[in-house]
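Got some structures for you, see below.
In what follows, subunit A forms one complex with subunit B and a second complex with subunit C.
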Partner chain A sequence: MDKNTAVLTLKNLNKTYDNTTAVDSVSLDVVKGELLCLLGPSGCGKTTTLRMVAGFVKPTSGSVLIQGSDVTNQAPYRRDTGMVFQSYALFPHMTVAQNIAFGLQNIGFAAKAQTERVHEMLQLVELEHLSKRFPAELSGGQQQRVALARALAMNPAVLLLDEPFSNLDAQLRVRLREDLRALLKRIRITTLFVTHDQEEALMFADRVVVMRSGRVEQVGSPAEIYETPATRFVAEFIGWCSLFEGVVDGQGVFTTGKSIRLPLDHKPGPATVIVRPEYVKPAEALGSGPVFEARVTSNTYYGALCRLRLDVSGQEVLMEAHYPYGHGPSIGDRIEIRIDPKGARRLPAH
Partner chain B sequence: MRNKALLGLRGQGEASTAWMWQIAPTVMLLLFFFILPLAGVVRTSFYPGTRSFGAEGFSFEQYLKVILDPFYRSVLIDTIVDGLIVSMVCLVIGFPVGYSLARLPPKQRRWRLILVILPLTLSLVVIVFGWIVILGRGGLVNQLLVSIGAIDRPIRLPYNRTAVLLILVQQFLPYMILSVMSVCSKIDPVLEHAAANLRANRFTTFRRVIVPLAAPGIVSGMILVFILTVSAFVTPRLVGGGNVQMLGSIIYEQVIVALNWPLGGALAMVLLIVTSIVISLANLLAAKKFARHRSSANAK
Partner chain C sequence: MQNDITDKVMATLGVFVRATVYVMLILPAVIVVIASLTQGDSLSFPPKGFSTQWYSNAFASTPFMSALWTSTKLAVTATVIVLSVGSAAAFAIARYRFIGSSLFQSIALSPLIVPVVVLGLGLLQFLSWMGFSQSYLGLFVGHLIIMLPYVVRTMVTGLLLLDRTLEQAAMNLRAPPFRVFCRITLPLLVPSLITAGVFAFVTSFGNVTLSSFLASSGTVTLPVQIFTYVEYSYDPIVAAVSTIVIAVTAVVILVIERAVGVDKLF
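After this line comes the complex of A and B, so read on.
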């Protein structure tokens, strides 16, 4: 199969419940081996979209194509998808091995081939020693790996992950995320996954689809989404940023509020500009650029970094900075900051 | 916890006897209205002869009669078979109803649940007479059959075993439905999606996911219906009209009509023992098959 052919295609997918629109004309292509993430706040339609791909929800209009064939009206049990559910949905009355073999039995694997495939999958997720355990005897992380092995055993065209890390504690989450990404990349499986956690989306996905109230806001690589958000919603939903409303003059200088001036592009007129907090630094930490006087309104300690909310003559500016132990500013302090003009991004006008 | 600490403060002696007073009323109630009468039945069943009052002595006469007399033996076997049939039929009809009730949103479930429970609030005699009217010569069923030309003239529908079993099914169905519903509402619907995602069609999902997980409810529902059926005596007497003998109605006849308490007692004891054996077997089977995942799920 050609590398650039879409394994999964969504065409103008819509879903309306009574009077509310859950998913509004979503179109997507997921190519072979790609990790695509649907990201958005709860109720944005990302889970409904995933469930329409799996076949649990019937679209109001539009179509779902898996490997080129239209499966929109196909029953879930005929579709070539493998899903890892948020709650893992392991069968409580079956052992780990029986859970993994369940699907294989349904597609007519012979007993011997089943055993081999189950073993292969258990090796893949490193759970050979737990094959005879019941789900209730496993930790959350182990259950997740069983659910993954169960889905992968079927060798599905598309792997669907529904908030796969939300039931795990924070430390485990980060490690399993890296492991899972490496595993999925190794076996080159096409994956569609859903999350509300922007950090997870940025580090896990090849491409991120940001959704809001059923619509796609932006599609792009994690870096594109973070650095050049297409809308104010994306800018604010992904990470932290300062938002400035102002105007660009003939010289290409952007002015907002009483004192902030930043060199921007040469398209005069009103503009919305965002600045990520890592482009704002204490004056002494950044060599050049205009200096602004700022008053600290809050300072949150994050270990390696402090996140500060600053007031620059009435304009809120967010800054991420490292301060030596005991030298961080306190609320009400006046400090001098510089804003790196490279970090100022103009949002596309609508 | 707090209770214990409080009791501990009051002193060791008092604390260790306090629980006795708490359960005393229940123990008394059971003792006087259950254990003593039962002991009386046991004693009575070992009297020789047919005298209910002033009998003396000890013999296995009644039990030998129950086991050796072909009449009582066949009634005993028929009753057990009837119990199995009624509980199977209740399962087949009740499972889909219980399952679908469990999957309904609570608001829609409420009215249907009331419809299921409503027959339990009616007097058994009223239900049975209602059935006799429906099944009678001028009844609904006969009129319908005549009008569609299935039969030429009304036939005799009640007063046979089929009619008795039909009415028993109707009476005990709610217990099966409630039992299945309560266990099915604990089965996460997402498991059915997971099964579908693993290429299981509806029947496979039902057979390999729903039935095993609903097994505790199925077993308890069947046990309940079985017990109710083998001990039924009003329905067999009224609907059977003397043609259908079940152990419950025979015991009733011996105790109330024939006043032969020793034989009635022995029949009752045999029924009790047979029922206990059937229940233990069912529980044993269920426990063997489903013990592990249930105990591990509880441990979590």
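After this line comes the complex of A and C, so read on.
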């Protein structure tokens, strides 16, 4: 990555509280216009990292650079960041327009320029008709858009989003996610956002940083993270997968002690292999690939597809399949499945 | 069915109890107001005839009017001072961890627990030892002390309930700390400040015990004046003065209610 285009750089960022390490040597570059997501379970240090960028948390060591200048010791109100808080943090005693104008006043916009900018922002988030309302009179989705407009009005170098969708109901969340992504891409703003929702990270981000116990586990595009996880943690945290521990022999065949045999063109030796459930199918649905006999241990209905837990001679295999209405297998049924060898990924040895 | 009957009995009883409480709260004030309008020259209920002569007498009475002035001046200035001192203390308690912070809070709240008589006696001795006895300053300081816990309690609660991410959001929008305080923190604390102010004012304005220990001839407050007056005289002028006090209080509450809404206060 070209260092010169990095809008936000984290260098060896650390944060320790008393004896616990919240963030452990995190280094990152976020380039102009990129949507970068910090993903991880709660307590993994993603929010602390975001707050260190905004300046609300002081790093124990390491540095934060915004557009090339070191802001590590700068107060939050001197940093060129715009934050959308998880709770939106709209000022309850100000109208929508006043909320958006607040920041503009602080950076010395004249009254007329303020009005124009507020109007422009309200147009951007399609809330012109609500400019005189108070936050308490808005729905959750509208509040989120006001918070976004308020941050964007300042034209910050970096936009920070803290779990921006967690307070919205499921249907709205999916739609707003698509809308917001399109908007951020259109205005080409550099964005760092935090979530614990892997689906959100995959659909929203250009690049995902998976964090665990304060450390970066893997950085990559959503497809890289999903298809070629670097560690067992990433494989299990992002989506569903079967995990096989076994050996690759000289002929390029991977075997576990429990009768899983898959062709795997890798160098011989012990291996951990993951298979995503969409690469496992009922035998009749997949033309080729090795056939295994499996016993159904659970079958969960998700509408468009079913998620099954299968027992293949003591080895757990997860499968996602579509069954015609009324034809899904029941617990205890014996079925034949095929595993598509193309879907088998060997985890890098550590 | 059994439950229905029990429910109905309980509901009726509840209405009865509530009505009794309200009547008991309001009736004394109503009786005082009515009694003040008597034509006779002793305090009685029902009043004999109707006149407003006791009001003209009250306004003409130097002891009562100067006491009313003393009380008002004392309560207003002490409220202003105690709001600033108490809010500052509340900020320290609610926002910072320091050694002895809970001791500090306990001391600030202690005048609520210590009987006012004890406090009055102690202050009297302390102030005379300091050379401030029988002075307006001594009375003023005594009032500050009994007002302080109401302000500290109300403001600590208000500060703890204030969402601090709002302040962070303001900071993120390039507002330096003082601006955050003026534009975000302070406006959001206005309801708490008004509540604290009302509590403090009423505490000072209605206090008899402490004032009677600390008052001197020049600094007699209205409650003390009324109290000493009824000891040797029983004419309706006290009822008229009390009615004036009730009217003033009602107007103040009404204005606040119009301005911010009483439901937001408590």
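The rule is short, and it goes like this: the second predicted complex is superposed on the first by the 345 of 350 C-alpha atoms of A that agree within 3 Å, B and C clash if a C-alpha of one lies under 4 Å from a C-alpha of the other, contacts with A are read in each partner's own complex, and residues count from 1 in each chain.
In the analysis below, a residue touches a chain if its C-beta (ideal position, glycine included) is under 8 Å from a C-beta of that chain, and two chains touch if they have at least 3 such contacts.
Remember, predicted model here, so these are calculated numbers, not experimental data.
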Three-chain arrangement built on subunit A, subunit B and subunit C clash or fit: clash
Contacts of A:134 with subunit B and subunit C, given as first, second, both or neither: first
Partner chain(s) touched by A:170 [first = subunit B, second = subunit C, both, neither]: neither
Which partner, subunit B or subunit C, touches more subunit A residues: B
Partner chain(s) touched by A:91 [first = subunit B, second = subunit C, both, neither]: both
Subunit B versus subunit C as contact partner of A:349, first or second or both or neither: neither
Touching partner for A:82 - first (subunit B), second (subunit C), both, neither: both
Contact residues common to both interfaces of subunit A (with subunit B and with subunit C): 54-56, 75-78, 81-83, 85, 87, 89-93, 102-103, 106-107, 150-151, 154
For the subunit A and subunit C complex, residues of the former touching the latter: 54-56, 75-78, 81-83, 85, 87, 89-93, 102-103, 106-107, 150-151, 154
Residue ranges of subunit A in contact with subunit B within the complex: 54-56, 75-79, 81-83, 85, 87, 89-94, 102-103, 106-107, 134-137, 150-151, 154
Residues of subunit B that touch subunit A when the two form their complex: 188, 190-191, 193-201, 204, 208-209, 212-213, 290, 292-293, 296-297, 299-300
Subunit A-facing residues of subunit C, complex: 163, 165-166, 168-177, 179, 183-184, 187-188
